[in-house]
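You will see subunit A twice below: alongside subunit B first, and alongside subunit C after that.
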Partner chain A sequence: MKITICIGSSCHLKGSRQIVEELQRLVAENDLKDQVELAGKFCMGNCQNGVCVTLDEENFSLKPEDTKSFFENEVLKRLK
Partner chain B sequence: MLLFDTYVQKLKYKVLKEVAIHAYNDTLRDCYLDIPKVISPGPESELRCCIYKERAIAAERVKLAMGGDKNNDNIVEVIGIACDECPVSGYKVGPDCRGCLAHRCSSACPRDAITFDEKHHAHINPDKCVNCGKCASQCPYSAIQNHVRPCERACKVKAISQGENHVAQIDDSKCIQCGACVYQCPFGAVQDKSFLLDAIQMIRESDDNKKYKVYAVVAPSIASQFRYAKLGQVITALRRLGFFNVVEAALGADMVAYQEAKELSEKGFLTSSCCPAFVTYIEKAFPKLKPLISHNLSPMAEVSKFIKATDPDAKIVFIGPCTAKKHEVQLPSVKPYVDCALTFEELQAWIDSRELDLPALEEDVLDNASFFGRIFARSGGLSDSVKQALAEQKNEDFILNPIACDGIEQCRLALLKKEKNVLKENFIEGMACVGGCIGGAGCLTHGDKDKSEVDKYGKEAYEKNITDALAQCSYHMDK
Partner chain C sequence: MNDLWTETGYISLNKTGESLCGDRVEMHGGGDEDLILVLADGLGSGVKANILATLTSKILCTMISGGIPLEECVSTIASTLPVCSVRQVAYSTFTVLHITDNKTAHIIQFDNPATIVLRDGELYDYPKTTSQISGKTIWQSSFPIQKNDVLIAMSDGAEFAGVGMTMNFGWTRDSIADYAVANYLPENSAKSTCGIISDECNRLYGGNPGDDTTIAAVRIRSRHTVNLVVGPPANKEDDTRMMNLFFSKEGTSIVCGGTTSNVVSRYLKKPIVASLDYSDPEVPPISAIEGVDLVTEGVITLSKVLAYAEDFLDAAKLAPNWAVQKDGASLIARELFENATDINFFVGRAINPAHQNPNLPITFAIKQQLIQNLTDCLKRMGKHIRVSYF
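Right after this comes the complex of A and B.
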């Protein structure tokens, strides 16, 4: 599974770094490094709705405080 | 507000703009010979002896705007017919000589080259004079002056001399392509090649970033540029020109500072590797010190490498204050990461060729780097950042003792001391331009407030320290 976080200027100002850090922490904490790959991208073309995050091909719009529930409800749920 | 410091820059800009307009209209191949007539409409000549010479020089500028002489590897070229063959007379006694009685000038002269006429006025015998300057330093009226060609005075690596027919010539074995002569020649007879056409083509062929995405990497010295508009408006202009996204080179500077701190504490001594002209200078003038150059890529190359890790098909255009960067992007170690380098001068011409009115545009945002990455644009910033990186790495064993050199003369002295093992500092921050990158030859303007503008821009960064700025790319750096 690949999670891509937008780190373009607009998303960066909305807290993409905090999301990256939180996801890294959650992935490590749950020992999922082999299953979940984190990646960055400069701009996903949807700046108004940042922070833009894609989970495989699906788009999400996240705030830093949503990261944990995103991880539990979307990431963990999809893991097989 | 003045767009440029000099009319020479404006001339270059006018040519670049015309070339860009024709490129977009797909008329360049048919019309490039007409551009000189647009630049110098005549019928009277305004700048040279006749309109034909004026246009012939403009034609040479067109060639340089279109990439210049492909057989000449040097980014900097002399436009022979534009060189005014400035007189070179060395030390001369001027009208301020009062015919005093002390004759300190002649006492100071080691070659007995000074004679006096019946009014006690001094005269220098050019056959005996060795241009040591001792007479000039002694004259209480400052009546003796050294007449040096502006290009030669600007060139601190002594790569420019008088060639055939008194036309300036560049010694490529010494030239570091810093562009000082380009900025200083009062006749615009030395000019940097432009790769603006490559950038325009790259964007047009991307089919609106559908085939591949084109990113602009912008140097932090932009903080002191385009002062008639807001930085956010320049970012909007770059998006309008067709760039998919704009990224701060300063993020690469954060990466460099972090890695430089580690390499430095391991090795105990380093010179910086950010400034391509400084690196070339070491290679050419102090080859023995080459192993001491930091192994890091420059901030430009480092951030471009990262962008290409996130998007392998990306194409990258660097935009900054530097002519030497145009050479750096051709190096085998950098070529895979950066596809083209432009100056702020060229960006101004590009923006105006598309009739984008900067002050009228909405503001976009640019924020990728920390305060420390951003202050790389001015002298001393790199040293401050390495110090900060050592602190963030909690490295208390290594005591940083940096020497920040701006301008080749300062760099030369520090390198000379290092070569003779008498340098007490353990880190040489070398920037070829005076003031650092904000003094670059490709800047639109140079002013006293540039440094404070950079610091202000640094303070506006969302990230306050290097570790936080790098956290967004940490998954990449782990690999």
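Right after this comes the complex of A and C.
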């Protein structure tokens, strides 16, 4: 599974670093380093909303505080 | 005209407790033009020394660059300087480093520690002649310059670093020369050469310099061009034209901005490989595209570069963060401030819809202003700048 987080200017200002760090922490905590790959990407062209995150081609728009529920509801569910 | 370029830098440490420095460095020209650098050390310290040094350096710099014979310059100083009421003399020592036609170095010295010349990292013993001008013994030297020559002038505060504290007789000019040789690297900029020596002086003084200490360096290097593209062109049809021009230039290539990177990636038909490595939490991570030397985010990174540039121009700052950090802004700073002599900016005027959100502090006007301020700083560093808009 690959999660791509936008690290462009406006997503950076909207908190992409916090999301990246939170996801890195959650992936390590759940021992999923072999199954989940985190990657950065420049502007995905959907800047008007939250931070652009794609999970296996599907687009999401996250706020830093949504990261945990995104991880639990989307990432963990798909792995099961 | 040859490919050589004269780069200058200096650092002054004030005597402990003094807010004014009694040493003064005045410069004119540089780059691919003739350079005159004058380091003057006024008698005493504080305001009086500062005035003597300022007058001396300014008069010498202006008169020598006007082509006036040295005898006249020195006698002008002798009759202009105010006489010290305590010591009944008008006195300021000086060193003049004069590079002409990118070919010859002329060194004129009066009572400062002898200028150190490094040639390919080794001490170079240049010829000296002495003459008496207005009762002063002046040393004069002329020799042809080569790439990688470094000329280091200093005030006597450097020689006396550590007297009676860490050493009996201070550091002496010869041990400073050995230290400069031991720490020589071909890529050291003029300013970092000054930093290496002045840091050691400061250490020997135990952090409290007992005298004003100034190190000034001239480095003879070859020219190096850096090309930086930021922002996609206003009209999409101009993408290819902008890229053709950008990639046809010789030198290092830097691409700033997410959308801009996408344009480059399409043009080169190579993917963008983004990293998630936040070595500075304030600066977005860098990426890589095969065929480009450095790929970074745009406005946030460049704002940081501008802040570093303003710090760099403030002569008092010693070891900057950007000299060692690995984030995008530090990498750009090193490339622009230290490696580049000529910089071409390719600025796209496209309006990014993402930046039109009123909650985000980026507007197109800010981007323009950013480039303007950055190029102003780089010009003050003596770089040749060209900006093209698309």
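Here are a few things to note about the model shown:
To be clear about the criterion, the second predicted complex is superposed on the first by the 79 of 80 C-alpha atoms of A that agree within 3 Å, B and C clash if a C-alpha of one lies under 4 Å from a C-alpha of the other, contacts with A are read in each partner's own complex, and residues count from 1 in each chain.
Throughout what follows, a contact is a pair of C-beta atoms (placed from the backbone, for glycine too) under 8 Å apart; a residue touches a chain by one contact, two chains touch by 3 or more.
All values reported here derive from a predicted model rather than from experimental measurement.
When the two complexes are overlaid on subunit A, subunit B and subunit C occupy overlapping space and clash. In the superposition on chain A, A:Leu32 makes contact with neither subunit B nor subunit C. Of the two partner chains placed around the shared chain by superposition, subunit B and subunit C are both touched by A:Val20. Of the two partner chains placed around the shared chain by superposition, subunit B and subunit C are both touched by A:His12. Look at A:Met1: by the touch rule set out above, it reaches neither subunit B nor subunit C. By the touch criterion defined above, A:Gln48 reaches subunit C but does not reach subunit B. Note on the superposed arrangement: subunit B collides with the subunit C stretch 183-191, while the other options among 39-47, 165-173 or 183-191 stay free of clashes. In the superposition on chain A, the residues of subunit A touched by subunit B in one structure and by subunit C in the other are 5, 7-10, 12-13, 16-17, 20-21, 24, 38-43.
Residues of subunit C that touch subunit A in their complex: 257-259, 261-262, 272, 274-276, 278, 281, 284-285, 287, 297-300, 352-355, 357, 360-362.
On subunit B, the positions that touch subunit A within their shared complex are 215, 235, 244-247, 307, 310-311, 364-368, 462-463, 468-469, 471-476. Considering their complex, residues 5-10, 12-14, 16-17, 20-21, 24, 38-43, 47-48 of subunit A touch subunit C.
Every residue of subunit A that touches subunit B in the complex is listed here, in rising order: 5, 7-10, 12-13, 16-17, 20-21, 24, 38-43.
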